[in-house]
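Multiple structures are listed underneath, in C-alpha cells.
Next, two complexes with subunit A in common: one pairs it with subunit B, the other with subunit C.
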Partner chain A sequence: MSTRIVSISPAFEDLMPNEYKELVENGPYGKDYKVTDLGKYKELIEEHPLCAGCGLALSLRLVLGSLPSPEDTVIVGSTGCSALVFPQVGLHNVHSLFGNQNAVASGIKRALSLRFPDQVKDVVVVAGDGATADIGLDMVMQSWFRREKIATIMLDNEAYANTGGQESGMSMEGTVMNMAPKGKVFPKADLPKVAEASGCAYVAAASPSRPGKLGKVVRRAILIAREVGPTYVQLLSPCPTNFKTKPSDTVVTIKTREKEKSFKQYEYISDDARSFLSALDEGKQSEGKKSEGKQP
Partner chain B sequence: MEPHRYKVVSGPEGFLPPAAASMGVALPEQGEGLIEGARVPAASALEEAATRLVNAKHPTFFPGPLILWNWKDGIAEKAQALKDLADTLGAKIIPMPDYRPKYPMINPEIEVNPNHPNLTIWHNKIDVCVFIGVHCHYANMALKIIRGGTDCCTIALCAEAGHEDAVISLRDFALADLHALTAAVNRLKARG
Partner chain C sequence: MLQQQVRSPEYLFFEAEKKKQFLSGSEAVREAIRKANVDVAISYPITPQSESMHLVGDLFAEGYVKEYFRGENEFAVMSSVAGAAMAGVRVFTATGGPGTMRAFEMFPVWAGSRLPIVCAFLTRGINSPLTIQPDTIEMAFLLETGMLMLHAETAQDLHDMLLKAFIVAEKTDVHLPVGVFADGFFVTHTKEILHIADADSKLPPYDPHCAPVPAMDMESVPVRQMRDPFVMKSNFISYAAHASWQQEIEAAQERSRKHLERYLGGLVETEHEDAEVLLITSGTAVSQSREAMAICRKEGLSVGLVKIKSIRPFPSDELRRLAAGKYAVIVPELNRVGWLAKEIKARVDDPRRVIGAPRVFGGMTMPAHLIVDEIRRVLQ
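== the complex of A and B ==
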C-alpha cells in the first residue's frame, strides 16, 4: 500500500487547491470502492474532452471505479480517443507509442516487481481496438505468450474513431463509415478466443450497459493478473459520432446489439484462475466471519 | 576575441526560445550552480538567488509534486523549510500539484501548470519565481515557456542535476541548502 504518495506535506495543506484536497480526503485511494459506490466519492476522472455520449468515456469511468487499488495501479494507454482522457486521470498513467502498449506494460510490470518486490503493483493496459487488435496485436499477443502478469482492457468502439472513421479489425462486417464507404468485407475479429488460445488466464467481454458486471470482470481481470497470468477484457463502447447515433442512445445501442446477438457477454476462466478466485472468496468469507465475530 | 556565450536571462525572448543546452549551456558540476548560463560556485548562485528574491516585488514559489506530496521521509521537513523561507520573504506559494492539463481553464490565482505557467505569472505579476520539487522534464518545459513569454526571472532549486533553462540554478538542493538560502535572505534583509 502506498497511499503515502497521495498525502499532502503538512506545510502545504492549506495551499493545495480544493480539487486535490478532495481527492485525498474523499477519493478512492486506499479504499475498496466498487462500481456501485460511484457518485459517493471524488472520482479519478471528472472531466474529459471526448464526444457527448461516448461509450468509451462511460466504460472508462466504470473501469476506473472498479480498480482494486488505484494508488498502486499504473495504466498504460495507447494512441486513440482514450489517449485524450488519460492526461486528466488522477492516477499514474503512461502513454505508449501506437500499438506498443503491452510491450511497455510488460517492462513496467517487471521493473515494478524488481523495485517493489514486497508490494502489489497492478499494471493495466487500457487501449482502443485499433491499438489492441490491429496495430498492436503483435505486442499484445507476445505479452500473452510470455504470460506477463498484466491486465489488458480493450475499449472497443469498433472503429478508428478519432481519425475520421476508418474500419478496424473489430468493426462489424458490412460496417460503412466516413472513410470505409464500401463497407467492411470481413467479419469482426474474435479476440476473446485469440486471447484464450494465447494463454490468458481470464477473458471477458462486457459492456457499460451492465455496470455491475463490467465492474466485476475488470476486478477479476486485475486480481487474476496479479497472481495467475495475463488477462483480457473487451468492453463494447459504441461511438455515437462515427456511427451517427444519438449520444443519449449509447446504452440502447449496446442493448440492441445484445438482442440482435451481434454482441454477447462472455467469460472464460482458466482452471488456475478459478482456483485463485475460489481461494479469494474463501478468504473473504472467513474474514467476514471474523469481523462478524468482533461485533458486539 | 571571446566567443559569444548564450546568456539565460529573463525574457520575453519570443515564441519558442531555444533550449539553453542547445546553445552550449552545460549543467553545473557538483558544488556548482548556474547564473545566466555560466557555471559558478554553488555559494555564489545561492547568494544571487537570495539577492534576486529579496529585491523582487512579487517573489513566488512554485513547489511541484516532489515536495507538495509527503511521499517519503524528509519531505515534510523540506516542505516546512520552504514555507518558512516564503514567510521570511513575504512571498506567495502557488502549487503545481501534478501535470494534468486543466479544463476548461486553469485558475492562475491558486495554481500553476507546466503547460501554461505564463498565465499564472502574468495574472499575479510575478517578477521572480522559484521552481522546487518539479520533475525535471516538466521544469525544463515550463522554464522555457516562462523565458519565452514573460519577463520573470526564474530560479530552479533542483534536487538532481540542475536546469540550464533557469536564470539561476542550483543542483543537489537539500534541506540544509534551503536553510542556507533562508539565512542568506535574512542577512540581506537585515542589511537593507
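== the complex of A and C ==
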C-alpha cells in the first residue's frame, strides 16, 4: 500500500476524527517500528472494548506493534473476544466464522500472491485458543500441511472466554470451569509440538510478560511465513474475568505460571528458517556497513 | 494451452459462432470454466461432482486457471474461496448433497460479505440413509441463504449459466454469490450435443474495484470503522445495522433480475403457455415434463410447460400471470419435500390449483408416464 492512500484530502481535513489524523501523521504505515517503539507513535489499535486487565488485549497491542509491514498486512480473525477488537484496528481484517480462519487466510494469501506477485502481502491469523485448537484445528493443521505461507498466532487465554469461561482444549488439566464441572480431565493440548510435526517452519510460545521477546517471535514468525513456510506463535494471555484474578495481576499470573513450570517460553526454528534468518541478519549487517560507509 | 483473447460477455454469449460438441455435464463445466478467466478454483471430492473439479484441475495444469488446490472438506473449501474472493479475485468451486450440508454455514457468509463466488451444485440426496443418487432436496435448504440460484435443465444450460453467472454475480449492483444447480448424474454423467463458443475467447478479468465492499488487500484505506463499532453490540444501532444489511442483500438479489433477463432471456421459458393445464418445474424435471406434454398434446389434451431457470430471484410475477385462470398447475419434482410447489403456491392467486406431484426421490428417475398419469388424474 502506498502511504499516499491514507492521506487526507485537504477539503476534508477539518472533518476527519483526530485519531485518524494522528494515524496518518504519526502512524506506523511504512515505518519499521518495533515493540520498543510503542508510545512513540500512534498505534494501529484505537482503544479496545475488552475487559480491564485482559491478557489478550495486551498481547494484541504488542502483536500489532511488532508487524514488520503493517501497511501490507491483512489480519484474519475468528469469533471470540479478539473479534471485538478488530473493528478498531487500522488494518484490513476479516472475521468470517468461528474456526475457519486458516482456511480463509489460505484463500486470501493465494489470491494476494496472484494479484501482487512482486509485493509483500503478509497474511496473519490472530485467533483464540478455542478457534485454533478446538473448532478450527483441522483447518489450522491442514494449512500447515499445505505449507501455506501464513503466520498463525494463538491468543491463549485457556478458555472460551467470550461465551462465559468454558473449558477449551488449551485449559489446564483439573481446572473447574463451565462445561468442566468436575475439572478438566485431560491435559492442555501441546499445539507447538503439533505445529512442528505438521510442517511449520517456525514455532514459538511467548507471553506479554516479556514484551521484547514477544515482539521478536511475532516478527520472526511473519518474516519466515513470508519467505519460507507456515509459522505458529502461541501467546499465553490470561483472562482475569473468567479466572477471577485481579485485572492488575495479569502479568503476575503469567510469571507465577512460569515459576510453577506450567508455562515456558519456547522456540523451534527449522533449518530452512534458520538459514533465512541468518541471511536476513547478514543482509542487515551489510546494509548497516554500507550506510556506515556513506557517513562522512 | 490455446492463446485466448478477452472478449466482452455480450460477444461470448450472443455473437460468437457456436460449434457442436458432444459433452457430459462435467465436461460442460470444464468448457465453461475454460472461458471464464477464473483466478482461483478449490476442489473437494464428492460424487457426482468430483469429475467436474478433476477437469477444472486439468485446466489449471494447462494454464487456463491460475491457482487450484484440493481443500480439506467442504466447509474449509467454501471458507478458502471466500478468502480468495475477499482478496479480490474470481473464484470457482463445486459440490453437492452432503458436501453442501457440510459447507452450509459459509453460504450466508458469502452473501453477507457480498462475494461474487460462483459455485456449481451438482445435486444428490442427503443422509441418512447414505445415498449418492440424484435428488434436489439440498436446494430447499439453500433458498434463503442470499445467493442467487439458477437451475440447469441440461449440460448446455449448465455451461451457459455458469459463464453468465460470473457476469451477473460481479455486477456492482448485485455482487452476490451465484449457485448454478444441475441434477447429479442425469446432467453430470450423461452426454449431449452442446453448441458452444470456441476456447480462443475468454471473459474479461474480474475487477475488484467494481465491488461494493473493498477488497481485503491493504490497497485501500484501512479505516477504523468507528470507535464504538456496531458489531456484536447490544444496542439499537447495532440491530439496525444488521437488519438493513440483510435487507440490502435482498435488494441486491432483486436488482439481479434485469441482468438475468438480459443474459438468460428471462427467468422462465414457456411452451404452449395458453394451455388449460400447465406443468411448471425446473432442472431435469423440465425434460421429463416436455415428454409428458408431447404425449398429452398428441392425445388432444391442453397441456403447456413453464421452465423456471432462476429460483432466486424467484419469477413471482411471471408465474402469477402464467398460472392465472388455469385449470391446474402441476409441479413435478425430484425431491420429497416439494419445495418448488411450496414456492409456487405462495405466489399464485389460487394456490388450490397447484398440485405438487409427481415427486420422486432417493435416486428414482421420473418417467414421463408418471407426469402423464398426474395430468390425466387432474383432468378426470
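Throughout what follows, the second predicted complex is superposed on the first by the 286 of 296 C-alpha atoms of A that agree within 3 Å, B and C clash if a C-alpha of one lies under 4 Å from a C-alpha of the other, contacts with A are read in each partner's own complex, and residues count from 1 in each chain.
Please note the rule applied: a residue touches a chain if its C-beta (ideal position, glycine included) is under 8 Å from a C-beta of that chain, and two chains touch if they have at least 3 such contacts.
Every value quoted in this text rests on a predicted model; they were computed, and no experiment measured them.
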item	value
Subunit B versus subunit C as contact partner of A:Ala189, first or second or both or neither	neither
Contacts of A:Val251 with subunit B and subunit C, given as first, second, both or neither	neither
Per-residue contact with subunit A, leading partner among subunit C and subunit B	C
Partner chain in contact with A:Leu280 - subunit B first, subunit C second, else both or neither	neither
Touching partner for A:Pro87 - first (subunit B), second (subunit C), both, neither	both
Which superposed partner A:Tyr20 touches (first subunit B, second subunit C, both, neither)	both
Partner chain(s) touched by A:Ser96 [first = subunit B, second = subunit C, both, neither]	second
Which superposed partner A:Ile5 touches (first subunit B, second subunit C, both, neither)	both
Which superposed partner A:Ala105 touches (first subunit B, second subunit C, both, neither)	second
First, second, both or neither for A:Glu47, with subunit B first and subunit C second	both
Those residues of subunit A which subunit B touches in one complex and subunit C touches in the other	5-6, 17, 20, 47, 49, 87-90
For the subunit A and subunit C complex, residues of the former touching the latter	1, 5-6, 17, 19-20, 23, 46-47, 49, 71-74, 76, 83-84, 87-97, 100, 103-116, 121, 138-139, 142, 146
Residues on subunit B engaged by subunit A in the complex (per definition of touch)	63, 67-72, 75-76, 79-80, 82-83, 93, 95, 97-98, 100-101, 103, 107, 110-111
Residue ranges of subunit A touching subunit B (in the complex, touch as defined)	4-12, 15-17, 20, 47, 49, 87-90
Subunit A contact footprint on subunit C (complex, rising order)	39-40, 42, 66-67, 69, 71-73, 75-77, 79-89, 91, 105-106, 109, 113, 214, 216-229, 231-232
